[in-house]
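Take a look at the structures below.
Each of the next two complexes has subunit A plus one other chain: subunit B in the first, subunit C in the second.
So, the complex of A and B:
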């Protein structure tokens, strides 16, 4: 048969074979037109391959199927049936005098049930995808055989993964990583928001269970929780956004200005200055921020220096001390945090901006100079738009990063800042908390995982919406063309 | 579409840090730490033979050398049994945080401050010292739980007891009292806040005390007969906005505290910063505990004094300066693989001999009555100060919702942001009580 096909016929046949591009259309065709072995592939994944003598693939698929079945029988069935209640058997212990050990009953661990059920669902979802794709593949093989086309050997199949299907090879590991370390934890985080997982319901000792939308209702002041939780959420959210805007733009423009100064031909020892700024990056933030925190403490060095200076100048009487609440009063602390963050964040932006500025479109700057543009005009109409265009996406990620900027806020205010706002204190928040630091305290100190998850979801929605809007706005139009 | 997708992925990636933050610390996510526990042969042995008992102990960093000695003594006390005991560092004041992160992976025996007891019990992290443990102690350590209870001070046993059950062994008293410099302040002047502060002002010095803390601030209210309590559901009860059995109102106590805080010679100290403030030399008196004895001796001279907190006037009644009676406890993890031996080790690390050793190593006052009456211990000024305060010290029962609201309230007193008229103070107290007594969310 194979010998009978001429090369031109061969090409037409190949073209006939190429799938319609729509997965479900292909699937429908495969199910309706597939032969017995294709249909059998739903039950025995290797059937279609075995029939077309692709024995390696048949064995591999059979082993994979066995693995999924084994996973289901030996592992998943212990957890998934309990997902509806998240467990019912309370942990109980009996002490055995003989062995001097505590013996536990076969208790349910709600968190394990949740975790392993989610894992099972992900595995099964993947298995279903494999079955369906498999059907399409073995039907293709059937068609190839009917048309008398060449069927790949195992070796040829493998080599496609190093050639035309190389992207699949490259991406499979990262995708697996994303699923394991991003998608599954994210699902868990989201699901916990619908449970009563908190200090009173901590596995393995106690069980937690589903509570529907209660936590979301509570967050927006629906009662049950402290009356001030909704208020605190609003306060913290506003400061989070204010902080993110200031922190992003101050460091961004500060970095660009700094790198412009350093790039200027008239600046002496540019390399030295640049190195000095980079030192702030090299010192771990834990060290530098904690030192700065002590430096600006109420009874700290900075107030001491101000006191001595003011006493020497005769502004204040001998013996009185200046105690500015740099990091301990609302307002003061907010401004100080943003200023200290400039010092921390500018060097990073300076490095990025330096890279961008070395790639400035020199021809445009030259021609503008010839046309008589001043330095500030060049900066405003050429340098800045170019830098904005190139670093725009980084600006968006910076903003999102600042919404979640845990280090600066936590290290500068933890153990130092005490709120005098009783309503905030009653919800374990302070005026300087970001959503993420509040969330940290709720989980770390109060084990309030359910509310932390709700806040986590809120943060995610804020970040996602902002990112989508910002990217749409920035990348719309034909700016790319302008610069190319 | 692709752009949107990549933007979404970006947001996902940003959130990953977040997810790691919250789900990483979930109990149960890590498998029980089996590698610390070599698989033992099931010989059904009578505890005294064959298998090696693996145990882990967590204690304060400053206690490490001491613990090492004590563990060796423990091994020597049970020569028939082989042990593999590992000692780890965990501050007593933060023990709860790490234990509750994953109870099954925490140490078998750990030291903690008694204010963490309710949270640890609520999470099922502590093995109760019940009848069976009584039997274990009788079999091996040759003492009963009743013996241990009577050997230690009543308050210390009370701090380790919840709902009538003993959950841990007390090993050190940890309360606060007042240090002062006798060259500035006389013993009589140290008896009331008014005279104390005036004397300090006359001497050009200050009196330091932490107000922004649920631990220190409570002393004012407990001294006046107010209480806090821990309910079965984990919520806190509080009566500070009412009138105490001794006829003092919370408003009067708060006004007295506001007056003290407003005195020019008063310095509010940040929680945990007392040592630095004593060293700075600006203080002539400070409310602190035995951990500052040495610093106080250096700053105030070797003739430094330690005594109970001064009294204050609430309305027309004199209220004694109260304090919270606190203790350090040694507990056993309910999920310990070798719970019986862990119990014996915890008992050993808190027995009379160990308490004496702990006093000589770190000058921490014992809770064991006969250890405390040891002449060297009894002569210690810090220990004597704590003993003087103990007449006016109460155990503190409070749930998790107690701490942040009271800390903020103390800060408002320290900064004087509460107006001192009756109506404003009453409103502030009502807000405080609402926050403290709120249901757990």
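So, the complex of A and C:
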């Protein structure tokens, strides 16, 4: 059977070799039926390859294994054993008798312990995956050898990464980036929520430790000194949701309305008008929003112009000035923020709606007109359902984006809006804060990482639940299969 | 039907619509006009009573290009430009790579990976910012431009969906043909798909280039040392409006705002065409 396989037999054999499709089934077969070298691959990752004379691969796997071991011995052991306490040695300055100088002792840095432990766990998790995948691979090699099939040379192996395994080449770097700057930060965020990491417990000078669910209890209305946190959370959450609903729907319908006006065949200079609207959103938000905030400042130009106008009309006496608290009093600020957001958001939505409207099913509209439908009927029964269907998913993501709309709130109110509500002030929140801006202030100005993390988790849960519910709705519109 | 004489009802409607549009445009442009006219004001601080400056001058632009201890606009502009270029290259590559892999390659972990990306995208960036900051600190990259580039572009693979939506509409027969001609996957990607994807590549390039110009939060957090020469445009301009500085720098802020807005507006106008296509394209064509 060995070297004398014909090409048709070859194909059957190759088919036999293709894995069952279930990773753990393959793994089980590899462990039970693998020879000594396959089993040895658990300890020496290169063993299976060395046995089948794939020496480059053997060396590469051995080097990788050495790197993981070196990482563990030289780096991870300093931090991972302390994860249970997050460090016990407080930083102190001690007098060193030998050098006759005051030096820092060999202290524990709780945050480094947390960060590097998480990193170690991620590395080890990846290493375990590599070992398991490796087992399956070397067992495949064993089978190939047993069946007398061709075993790839190093060059051929490399070329698979430009062919069948091209996705590995493409995805490895982007995934690494996501793991480093997205996944690991998320793990840390979640873990910090269970510690007492705040201004009184700031590494390196102080330690922080695990406190279980204390922060969650405090946030959701636990008693004692932190009573205000529960109150603030409820206030901020309500405003966040109110804001998200208003911000999403005002801009959405505003955008559709505007694009309907501009798309009307009888509208002159439509392109010019559209371009002028686009100019307003092309200016970076930190410029336009900071400008608008000064426009509506208490002693800003809008109040100034109102004063001049009112004086000229004789509504107010000469010399008095109007000082409407556009962005500085609760109520006023809430309404103004939503209005200013309309200014920012409607042109965006107009762009999207224009794109959708130009793709309207013309034949349906024609036939409805022939059937004698009026313009408003056509709009209500054909245009609107179509637009809703196409932009529905975008509406969902817009809502989530608005829950986390940091820029508008922060740039309009930071350093300008101060709350007079003592309970809110105690927990560093204001009436106009969204959960994310509150979180940002807690970390940037007050170093209250523990509560910020809890709020972060709460925001995630809100967004996730909302998206999941909406996802079911979106599922029917999933068109991916049509193309694949 | 078309040749009907214009009735008065229609005419009134038309007039009303045009008046409405012009009014809206006027309201929408007020802040922009204010930005431009204030940048040409001779007065440094905020003018409370006059919309148009009393005295016109180019002095704010002149001041903007003579750096002082607070404001160093030329340096900020160059910093942002450098960061934006680096970011643009990395983000574009990552986005296209992930989009190609998820659209054209068939592998077992494709669906699970895409679902994971959906979940990860639910965590807004602001939330993990604290941890990102500490990771950069551990790597010694806070207050460096490399740190900023990493923050803007390292996780950019997650924003692959628009490009994937575009790739999904490319006919599969093209890839089959390339495969029959003996082209490898890599070759198909580079010589067949990339040349076909100019619109989405332009969109990706411009949108990733714009990120550092538009971002404010990350820059503020990472460049926190107070050395103004290292700042990007956004933190620099924000700082000009500090309570203690606003009365001497407000008009300069406007001048800076105008200068930043011009190139960005141009890029944005080019991009918006693709933006609409990207958001709605997949669904519409379905």
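Throughout what follows, the second predicted complex is superposed on the first by the 453 of 484 C-alpha atoms of A that agree within 3 Å, B and C clash if a C-alpha of one lies under 4 Å from a C-alpha of the other, contacts with A are read in each partner's own complex, and residues count from 1 in each chain.
Methods note: a contact is a pair of C-beta atoms (placed from the backbone, for glycine too) under 8 Å apart; a residue touches a chain by one contact, two chains touch by 3 or more.
Keep in mind that what you see is a predicted model, and the values were worked out from it rather than measured.
A.B. asks: Per the contact definition in the header, classify A:410: touching subunit B only (first), subunit C only (second), both, or neither.
C.D. replies: second
A.B. asks: Touching A:268 in the superposition: subunit B (first), subunit C (second), both, neither?
C.D. replies: second
A.B. asks: So in the superposed three-chain picture, is A:198 touching just subunit B, just subunit C, both, or none of them (first/second/both/neither)?
C.D. replies: After superposing on A, A:198 lies in contact with subunit B but is clear of subunit C.
A.B. asks: Under the stated touch criterion, which partner chain does A:355 make contact with: subunit B (first), subunit C (second), both, or neither?
C.D. replies: Touch partner of A:355: subunit C, not subunit B.
A.B. asks: Who does A:189 touch here: subunit B (first), subunit C (second), both, or neither?
C.D. replies: Both partners.
A.B. asks: Answer with first, second, both or neither: which of subunit B and subunit C does A:250 touch in the superposed model?
C.D. replies: Neither partner.
A.B. asks: Counting residues of subunit A in contact, which comes out ahead: subunit B or subunit C?
C.D. replies: When the residues of subunit A touched by each partner are counted, C comes out ahead.
A.B. asks: Have a look at where A:181 lands relative to subunit B and subunit C in the superposition and call it first, second, both or neither.
C.D. replies: A:181 sits against subunit B and subunit C alike.
A.B. asks: Tell me which partner A:277 touches in the superposition: subunit B (first), subunit C (second), both or neither.
C.D. replies: In the superposed model, A:277 contacts subunit C only, not subunit B.
A.B. asks: Does subunit B (first) or subunit C (second) touch A:99, or do both, or does neither?
C.D. replies: It touches subunit B, and subunit C stays clear.
A.B. asks: Considering each complex separately, which residues of subunit A are in contact with subunit B in the first and with subunit C in the second?
C.D. replies: On subunit A, the residues that contact subunit B in one structure and subunit C in the other are 111-112, 115, 181-182, 185-186, 188-189, 297, 299, 400, 404, 406, 415, 436, 439-440, 443-444, 449, 452-453, 456, 459-460, 463-464, 467.
A.B. asks: Enumerate the contact residues on subunit A facing subunit B in the complex.
C.D. replies: Within the complex, subunit A touches subunit B at residues 91, 93, 95, 97-102, 109, 111-112, 115, 181-182, 185-186, 188-189, 198-200, 202-206, 218, 224-229, 297-299, 319, 396-397, 400-401, 404, 406, 415-416, 418-428, 436, 439-440, 443-449, 451-453, 456, 459-460, 463-464, 467-468, 470-472, 475.
A.B. asks: If we count contacts the way the header does, which residues on subunit B are in touch with subunit A in the complex?
C.D. replies: 3-4, 6-8, 10-23, 25-29, 44-47, 97, 100, 103-104, 119, 122-125, 127, 132-133, 135-136, 204, 212, 233-234, 270-273, 276-277, 280, 334-341, 400-401, 404-405, 407-412, 415, 417, 428, 431-432, 434-436, 438-441
A.B. asks: Would you mind writing out the residues of subunit A in touch with subunit C in their complex?
C.D. replies: Counting only subunit A, the residues touching subunit C are 21, 23, 111-112, 115-116, 159, 162-164, 166-167, 169-171, 173-175, 177-178, 180-186, 188-189, 192, 258, 261-262, 264, 266-268, 273, 275-288, 290-292, 294-295, 297, 299-301, 303-305, 307-308, 343, 347, 351-352, 354-356, 359, 390-391, 393-394, 400, 404, 406-407, 410-411, 415, 436, 439-440, 443-444, 449, 452-453, 456, 459-460, 463-464, 467, 477, 479-480, 482-484.
A.B. asks: Tell me, which parts of subunit C touch subunit A in their complex?
C.D. replies: 10, 14, 17-18, 20-21, 24-25, 27-29, 31-32, 34-35, 46-51, 94, 97-98, 100-101, 105, 107-108, 110, 113, 119-120, 122-124, 126-132, 134-135, 138, 150-151, 153-158, 168-169, 172, 184-187, 189, 213-214, 216-217, 221, 234, 237-238, 241-243, 246, 250, 253-254, 257, 260-261, 264-265, 268-269, 272, 275-277, 279-280, 282-284, 286
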